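Lettered A, B, C and D in written order, each chain numbered from 1.
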Amino acid sequence: MKNPYFPLPVRIENVLVETEDKNIKTFTLSFIHKENEEQFRYRPGQFAELTVFGKGEAPFGMASSPTQPGFLEFSISKVGVVTNALHQMSEGEILGIRGPFGNGYPSETFKGKNVVLIGGGFGFSTLRALTNYMIEETNREEFKKITVIYGARRPGFLLYKSDLETWQNRSDIQVFLTVDQDDIGWHGKVGTVPVVTREVAPDAENTYALVCGPPAMIKYTLPVLKELNFPNERIFLSLEMRMKCGIGKCGRCNIGSKYVCQDGPVFSYAEILNLTSDDIF
Amino acid sequence: MDALINRIRGIARDLLREGKVDVVIGFEEGTIPFHSRPCFVRSPDEADRLIWNSFCENNLATYVVKRNERMGIVAKGCDTRALLELIKERQVIRDQIYIIGVPCEGMIDRVRVEAELRNRSIQTVEVREGTFLIMGKDFEKELEIKEFLYPSCQVCTRKNPVIYDELAGEEVEESVGETYPDIESFEGFSDEKRWQYFSEEMSRCIRCYACRNACPLCYCTECFVDASNPQWIGKSIDESDTALFHIMRAFHLAGRCVDCGACERACPLGIDIRKLNRKLSKDVLALFNYKAGISLDEVAPLATYRPDDSEAFILEP
Amino acid sequence: MAEPKIEKWEPKIVAFLCNWCSYAGADLAGISRIQYPNNVRIIRVACSGQVNPWFILANIQQGIDGVLISGCHPGECHYLTGNYRARRKFALLKNFLQFVGLEEGRVHFTWVSASEGVRFAKVIEKVTDIVRSLGPAKKLVKRI
Amino acid sequence: MKAKIIRKKDISGFLDRLIQAYRVYAPVMQNGYFLFKTIKSGSEASLNYHNTKMSPKDILFPQSEVLFRYQLDKRGVEIDAPAQDERDLVIFGIRPCDVRGIQALDKVFSKNPKDPYFEERRNRTVIVGLGCKENHNGCFCTAVGGGPCADDGSDLFLIDIGDEYLIRVISDKGEVFLKGEDLPDAETQKIAFAAVVAEKAQDALRPCVEVQGSEDILTQRFNDPVWDVISEKCIGCGVCTYLCPTCHCFDICDEAVNKEGKGIRIWDSCQYPLFTRQASGPNPRDTVGKRMRQRIMHKFVYFPDEQGMLGCTGCGRCVIECPVNLDIREVLNILLRTGAAR
């Protein structure tokens, strides 16, 4: 009987400091045993439980896209016990990984449709995975117009700078970057994500909107999407809850009669509205 | 007893009607025998919910911490001792609470009664003068209250409230001075016997933290047990972690614990955790001549020092 | 064939030495070439008053056989009242650990001033002998 | 349905024989209350009890359990599962409400992906239920679809018919289990008498709360301030959830010394604030009222919605052992019927 609690060993291949305050780093991990890699088939929007041996486990969304085989990337912000331990680790060290967990973004249903990805700060990691997945050669023509709206507090806090550049140089994807606070040398927009979203005003016709970021950003972006008359069924959110087992048993991420780790973390806004639950955001 | 109950209800009704307090915290009838329970009365006509009997075992002082309302509180001897310590530790301001003092004859130990009746199902209990009558489907039994008091009530030397704004009922006669016979006899055993007893008791703990949450003086926002950064103690029921949890819980209450016994009454498995606190209270009394919950102006023992404190334990080569 | 050296068990002892007096005393013992057992691992703390009871319990939990806390003599504390407050805490803690059944010789408290190199060496010797006679730590030790 | 008879005085010998081949758990009286313990001889067990202080769920879902041990070294990490006890288990003298608790745990842990630790033990377990003759003050199994002699879920079920027990053989696992014992078959009139005993016990316990249609009413009243009024006296300890036969929430943590350590699973409780507090700070259930609401909603709305059975078996442990007498039956009555909080 396969044991869902067993962590698979992975090695840290690369650690990239993403933000100027060094609070968010992107870790590139590779499986030590190749056969584990085959077992770990994942979709953008799914997450995994990373084990720092001696410290514990915590859930992180995959920031890499399944179209880039051979390694996994996680962007980790330094907030708790596991993340602090992770931030002190360097290349070559060993971690454990369990997963993939969760339903991930429903990329099948986006086929033949426009997609607007609205991300804020640290929550952009899984949207980056989805973007890279959609603009991959074999996948790109499956989707129509792709728009990315991504904001952070300051330019130094924008993640994945190299990706952002390559996306901006492409013609088949529209990228709007914004910061809350201007800084010298910044040429992009200034303003919060909800404000920029109203400015960009993506057309709701035949379009899916995905929102992922801090609770405050989600709270103020949703009314804007409603103004642009996006129907609730075509707005998807990735919920952030405390999770542990990842297989719908430990009861921690239970909201309404759903488990965020199994039935989510991606829910349509319509689903969330008819869930009787404590307010997540 | 009814005069006392009516007196309490009267005081509560007046307090609420005159708007002196926003809530009166007291006891009301429970849903099963032997269980009166805390209740929060916020309007004058609800005052009739308040009662008083031999089953008001919770320490209501635990509800006044971090509550910024003006509160009336029906408080027996040990509740007032806990309130006094909370005021001394500036967790509640004295005139934020109106203390309705109730002299206490001791509360009945429901676990020992059930053990005595060996699972006969009890339907009603009626408290009389010095005895209580238990009625079940096919039996009746009258027991002496004195024999079935909680251990903390049996050794209680402060049955009358130490501070109060108004006293409901006459003072009761206090039993004589501070004695710790249980601790002295336990100290007489060998290291091995004490260790055997202590680890056997600790092995039954299921870390549900009812002892900590029922204690009025355990009010830290984050308990050392729950801290994760750094993680001081393991979270499982590993013997060593559980033993250390109880040792540190007791030590954090050294010179503060008023021996109300709320921890022992809340423990679902009846573990003898109070013995640890009483040992520290005995030593605090012997070493620093201080008794918790007695006077507002005496400084807590571990918050001060005296140049001539005992050095008996210092190692001389 | 050399008779296999049966590893004679040596106790592990942790000593919390206050930076201003006891640590200096230990240093003096070293400078004056005074010999004392090497079972002790020294941890420098700002003052004996800084030693939280948990430091002692955490050591015992991890299998350390003996713990010594040493600070300035009362009245000489660099922070004036650090050792006075510590003295009250340790008086209670010593009785309390014994009460739950820990052997009396596992935890020791003493005062060593900066000039007492000889006293420091003697204290370490005495503590090591006591702890060695008690044997390896068993109570409250956590097994993984 | 096949049935056997065993005299009460033969129970101890019967248990002694079982102990040769099985690890037998039975109610044992210690410290003034009963707990399920592994017994070394039949005489330790006592079936003359209302219910154990803690539910027998910790036999199959222990409070602390090692999931894996690991050894870190240069090349990587070795991870291996702990050895399991091979002997089969017998839970002897378990009450119907606790059997239903195990059925609830089955739903959670046997749902894909299966929990190997629970499954492995559960497949080796024989459940010998024991019908109740008398209920205690907290019991309300008849109000939540159970009953003092509900034998569903047991492999064998004992009913007290005087100085004998009638053993109803429920499952074929039970039948195989009894093969080695040459117990007399029960005559039809004893079977009928046992049914009467069961009937009487069922009627003696009037349902005190009507949970019919609770899902919709509780959902409508989700944001009703009455939750905070009811839970104001709750001190937020874990007694109700740790003693409950159906509560299955747990935490996984890691304990290590230098390069060697273990991953352990331990019980957790939705009544603790840390249960949902995220490392970055926000906590969707930051008040006692929200946490108490979660306990009721999960047992009477979410669990039935997802698993098709109520998450409460009416054993009454949370009623009896709550330090402040927060009675779940009264909570339901307030929410489902009268609407006003007393």
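The definition used in the following text is that contacts are C-beta pairs under 8 Å (C-beta built on N, C-alpha and C of every residue); 3 or more make two chains touch, one makes a residue touch a chain.
The shown structure was predicted, so the numbers you read here are calculated from the model rather than taken from an experiment.
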Between the pairs A-B and A-D, the one where more C-beta pairs touch: A-D
Gap in Å, rounded to a whole number, between the CA centres of subunit B and subunit A: 50
Chain centre separation in whole Å, for subunit D relative to subunit A (CA means): 39
Chain centre separation (subunit B, subunit C; CA means) in Å: 37
Interface hub residues of subunit D, defined as touching at least two other chains: 251, 253, 255-256, 261
Shared-contact residues (touching 2 or more other chains) in subunit A: 80-81
Those chain pairs that satisfy the touch definition: A-B, A-D, B-C, B-D, C-D
Contacting residues of subunit B [partner subunit C, same complex]: 186-187, 191-199, 224, 232, 234, 238, 240-241, 243-244, 247-248, 250-251, 254, 276, 279-280, 283-284, 287-288, 301-302, 305-307, 309-317
Residue ranges of subunit B touching subunit A (in the complex, touch as defined): 228-229, 231
Subunit D contact footprint on subunit C (complex, rising order): 62, 144
Subunit B-facing residues of subunit C, complex: 53-54, 57-58, 61, 68, 74-75, 81, 84-85, 87-104, 108-111, 119, 122-123, 125-127, 139-143
Residue ranges of subunit D in contact with subunit B within the complex: 31-33, 48-50, 53-54, 63-64, 134-138, 229, 232-233, 235-239, 242-243, 251, 253, 255, 264, 266-267, 269, 272, 274, 319-321, 323-327, 329-330, 342
